[in-house]
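The following blocks contain the structures, represented as structure tokens.
There are two complexes below, and they share chain A, which is joined by chain B in the first and by chain C in the second.
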Partner chain A sequence: MTQNRPWIPYLLILPSVAFLALLFVVPLVQTIWLALSDNGAPSLANAERMVTDINFTRSVRNTFLLTIVVVPVQIAIALAMGTMVAKVGRGRETILWIWTIPLGISDLAAGLVWLSILQNTGYFNSLLFSLGVIGRQASWLSYQTPVALFIAIAVAEIWRGTAIVMVIIVAGLNQVPKEFKEAAEIFGAGPWTRFWRITLPLIRPALQSALILRTVLAFEVFAVVYALGGRNFPVLVGEAYNWQNQNQNYSVAAVYAVLIMIISLAATLIYLKALKVDPERLP
Partner chain B sequence: MSTETMSATETASRPASFASSRRWLLWSGIAALCAWVLVPIYLVALGALGGRQGVYIWPKTGLPTGISLEPFILFLKTEGVVQSFLNSLGAAGITVALSILLGAPAGYALARYDFRGKDSYRLLVLLTRAFPLAILALPLTVSFIRLGLYDTIIGVGLIHTVLALPFAALVTQGIFLGVPKELEEAAWVFGCTRVQAFFKVVAPLALPGIVATAVFAFVISWNEVFAASVLTVRNRTLTAYLLTVLSESPMHYRFAGGLMLILPSVVFIFAVRRYLFAIWGISSK
Partner chain C sequence: MANIVIDRIRKSFGAFQALKEISLTINDGEFVSLLGPSGCGKTTLLRIIAGLETSTSGDVRIGDRSIIGLAPKDRGLAMVFQNYAVFPHMTVYENVAFGLRMQKADDARVKAQVEKAAGLLHIEPYLDRYPNKLSGGQRQRVAVARALAVEPKVLLMDEPLSNLDALLRLEMRTELKTVLQSAGTTTIYVTHDQTEAMGLSDRIAVMHNGVVEQVGHPVEIYNHPATRFVGGFIGNPPMNFIKVPVSNGQVVAGAEQLAVPEDVGNEIVLGLRGEAVELAPLPQGIEMKVRVAEPMGSHLLLTGSIHDQPVRVILPASETVKSGDTIGLKLDRKRITWLSPESGKSFPAVSA
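This part shows the complex of A and B:
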């Protein structure tokens, strides 16, 4: 069907290629140039300025810590959700809808939601107070309580970001043929063995894309942090935002952008290598 | 939910106590996770409808006492709120239109044709996923100022399309793959041109999926904070507006803003709930 007019597919993809070239590839190159140049000549001055900034080390550490804590918890909760919902007949649709609601919620909104719970006169303190755990209002989100603030941000991120992992994993679980499980059951594999030996390897492609997506997003964490802790908890994207908007220094902001891109790309490559998906073994 | 009917059929086949306790465990796990999602939304809604006094009630009960729509309406009347809401709608509208107009043809090409460069194109699309795309708004500030796109809704819509377009191309590919080729070929046999066959046969069958894709593009744009904040000063979207006034707003305004961000997306996710898993099954391949 393509012989007589081979240009048709090219015509169809051309608009999107042109668009992505203009607004993805060009800004990408611009960012890298902006980051690695000073007054039109290649230079590492901006990078130096970023590294020597007082917030740099903290923002790197905070972003990595958040990612390392948040992503595995999200995967674990999503797997639990997927396994539970697979056992449900009626009501499945409703449960899945409720669990996917956070998918439509922005990180800013998630931060504001948890602010309402964790602020000084919020519901969390009220609960602790009525249980007799605390005598007066405790504050969790100030710079004097960095650990509590970290946990608060992690909880808000887990609350919001688990939905997307769950959707990808449930979509993956749906593609696992029933026969595999039944066969394993006949050969005497218990539920735990079935999960680790059958289900998990079979949903590896889904796990891989969920991990890549969530990790890239986790390194971009910004608004949720800002809503909960203001500038008490520096993260990489937050620093890029401050350099751009407050300090009006586009070059240092660009170095942050390049750093975030390098980290994201590295994480993606690691996942692609570590969870190599063999197309022959897919169900 | 139908706990009783389920456990009734279950107990008929298995030893009663074991099966029912497992059922009970399953359903309490499910209920706990549902509460984990829903209760925070309920609480922020209470905060948004409780007004200034509501914030300082101590200790809080979590019961809907002393709430009214008035504080929320007051929030809506604050200068800039309605305008930023409309700006958000505008940017999301542009994102939806562009990502479908540019993405759906590409999806169709990927689904129906074999051509050289197909793999490279797919790679380009997948590559965008490994990048924190919103960050690209940083250098665009300069070019957008030059082009007169800085601080405009069109500019924000353009960068949001970069986020939504790769997604739209991949998902529409899956949708078009789901429309049998034979139907399209039959239309050609009966004398339709390619274009006619597409609009009379393929498009109606693909429409629900495309609408679902459009809704996702909308949600992507609606929720985006970083690029929108960097690229606007006066014509802010709702997220950008809330982010910039955050530190000087009273608590109940922040909660009202949060609720206002949440409501439309929840409605939209509800509207496309049937397609969620099909779409992510496709786009995560």
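This part shows the complex of A and C:
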């Protein structure tokens, strides 16, 4: 039937293509033009302005640092959680449900939750005080305590973003027939060997998806950082926000947006190459 | 010595009893099949022996050493899974080498063993390939080679041929038999396919609803099933069961008087293999109404009734019986099995 009317498939995908073009490609092109032009002529002036700003280097460094710390920890925790829950019989669904609660909390709300814990009059200080660990309120989120601030943000991000990784990894683990692990066990592989030599290679596609998703999201980190550290801990999206709203300079904000996009695309590409999934080697 | 003693093994899943006190002894080097319909507990028993499942009670000994508390890898056995479980991310070579690598064998030994196993199973040409590029039959060979490469004392196989098409299954069956005979491995082979079990096994254990109904040589099980279930499950067509009246310790079959075991009531079940008959004129023979006659080429298959009870018999292809005929049959009295109508168990063979 489609042989007689070869245009039908194109007709059917036309709405989605048009929708994407209108709401994604057009703004994208506009943003890139905004970033790379000055008074209607191509120019690198905005980029220069971004790079010479004192917060630029710090925001790049902070964003990368946060990503490098948070993503591997999230993957490791998610793998541990997924492996543990796979061993649970009854109550498995309930455990998964509880573990995915952070997924339903918006990132700003998550930031505020952690703020209420870690601010000077927060629960954490109350606890330490009642245990006699500290004599008076300690501050964790100020610019004088960069390490504590970093750790606080990292912990909040890990708490907030691990669930999505776990969901993907659990889905991946479910795809692996138990006979693979059993065969490995019979032929003498211990728990670690089974994990490294059998499970991990077999969930490679899920791992790849989780890594790409989490890394891209990590480069876009904003609300949690904003709630906990304000401008004490500049990150890329935060800077874009400031240029846009505080400084009313849409062009520099656009350069930030383009930069974030380039970094995300590059990271995705690296994962796709480094964790190449060969369909021939999947179950 | 790798004789296996399965000693009163029970297994319950919740309230459901999957295995109800199974006892079975397998001699060193013997090939024993666990044969039974789907869901009768074959896989569960095999997994308990392998250590992948814990039994509710009972003991398993290999070479007189209890293995019930040991980890699978310490039991000295290898297993071929129903879906092969050949690792998709490793080459065929690495798959076959897997057990040896886990034993930290040196490269020379790994190479020698892999080549030996690959040679036995004819998979040398694929050693560098990944399993997904292989057909079902080839993957099955890889799974067997992986198991044989570690030279296990005991080999467990769970329906290894059930995913293959009929022609390949026949071919692999013959090859498995050759390979395992030369390796001399004690083998437990799970199958629901009676021809497979008959062809391969030294002995067969017929299972039904978590119970071993009969253990014996294939021919013995075929000719003298211990229960009605066994007779009906083994053989194609299955054994015929005809309820007949008994008078003065005898059953009348046409012109013949057949002696029955002494301690029976006024009815008994006559178990008759379809081919244990020959054509005889009426009224010397017992009367059979033929509903359908199917010439199968090698033989003639007749479906109909004796004493108003359904039967299937086999005659030589040269006989000319048509659908709707009424014929007389002479029964081969040496091949009759008498069964109790109440318990369904067979009586020991009678001489008369």
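As a working rule, the second predicted complex is superposed on the first by the 274 of 283 C-alpha atoms of A that agree within 3 Å, B and C clash if a C-alpha of one lies under 4 Å from a C-alpha of the other, contacts with A are read in each partner's own complex, and residues count from 1 in each chain.
Just so we're on the same page, a residue touches a chain if its C-beta (ideal position, glycine included) is under 8 Å from a C-beta of that chain, and two chains touch if they have at least 3 such contacts.
None of these values were measured; they are calculated from a predicted model.
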{"item": "Chain A as common anchor, with chain B and chain C clashing or fitting", "value": "fit"}
{"item": "Which superposed partner A:140 touches (first chain B, second chain C, both, neither)", "value": "neither"}
{"item": "Which of chain B and chain C A:180 touches, first, second, both or neither", "value": "second"}
{"item": "Partner chain(s) touched by A:56 [first = chain B, second = chain C, both, neither]", "value": "neither"}
{"item": "Partner, of chain C and chain B, that touches more residues belonging to chain A", "value": "B"}
{"item": "First, second, both or neither for A:20, with chain B first and chain C second", "value": "first"}
{"item": "Partner chain(s) touched by A:233 [first = chain B, second = chain C, both, neither]", "value": "neither"}
{"item": "First (chain B), second (chain C), both or neither touched by A:202", "value": "second"}
{"item": "Partner chain in contact with A:220 - chain B first, chain C second, else both or neither", "value": "first"}
{"item": "Minimum C-alpha spacing, chains overlaid - chain B and chain C, in Å", "value": "5"}
{"item": "On chain A, the residue positions that both chain B and chain C contact, one per complex", "value": "none"}
{"item": "Residues of chain A defined as touching chain B within the complex", "value": "1-2, 6, 8-10, 12-13, 15-17, 19-20, 23-24, 27-28, 30-31, 34, 77, 80-81, 84-85, 87-91, 93-109, 111-117, 119, 121-123, 125-126, 129-130, 137, 159, 163, 167-168, 170-172, 174-175, 205-206, 209-210, 212-213, 216, 219-220, 222-223, 226-227, 230, 237, 240-241, 244-245, 250, 253-254, 257, 260-261, 264-265, 268"}
{"item": "Complex contacts: residues of chain B adjacent to chain A", "value": "1-2, 5-6, 26, 29-30, 33-34, 36-38, 40-41, 43-44, 46-47, 55-62, 98, 101-103, 105-106, 108-110, 112-115, 117-118, 121, 124-125, 128-143, 158-159, 161-162, 165-166, 169, 185, 219, 222-226, 229-230, 239, 242-243, 246-247, 251, 254-255, 257-258, 261-262, 265-266, 268-270, 273, 276-278, 280-281, 284-285"}
{"item": "Residue ranges of chain A in contact with chain C within the complex", "value": "177, 179-180, 182-189, 193, 198, 201-202, 204, 279-283"}
{"item": "Chain C residues touching chain A - in the complex, by the definition given at the top", "value": "50-52, 71-73, 77-79, 81-83, 85, 87-89, 98-99, 102-103, 130, 132-133, 146, 150"}
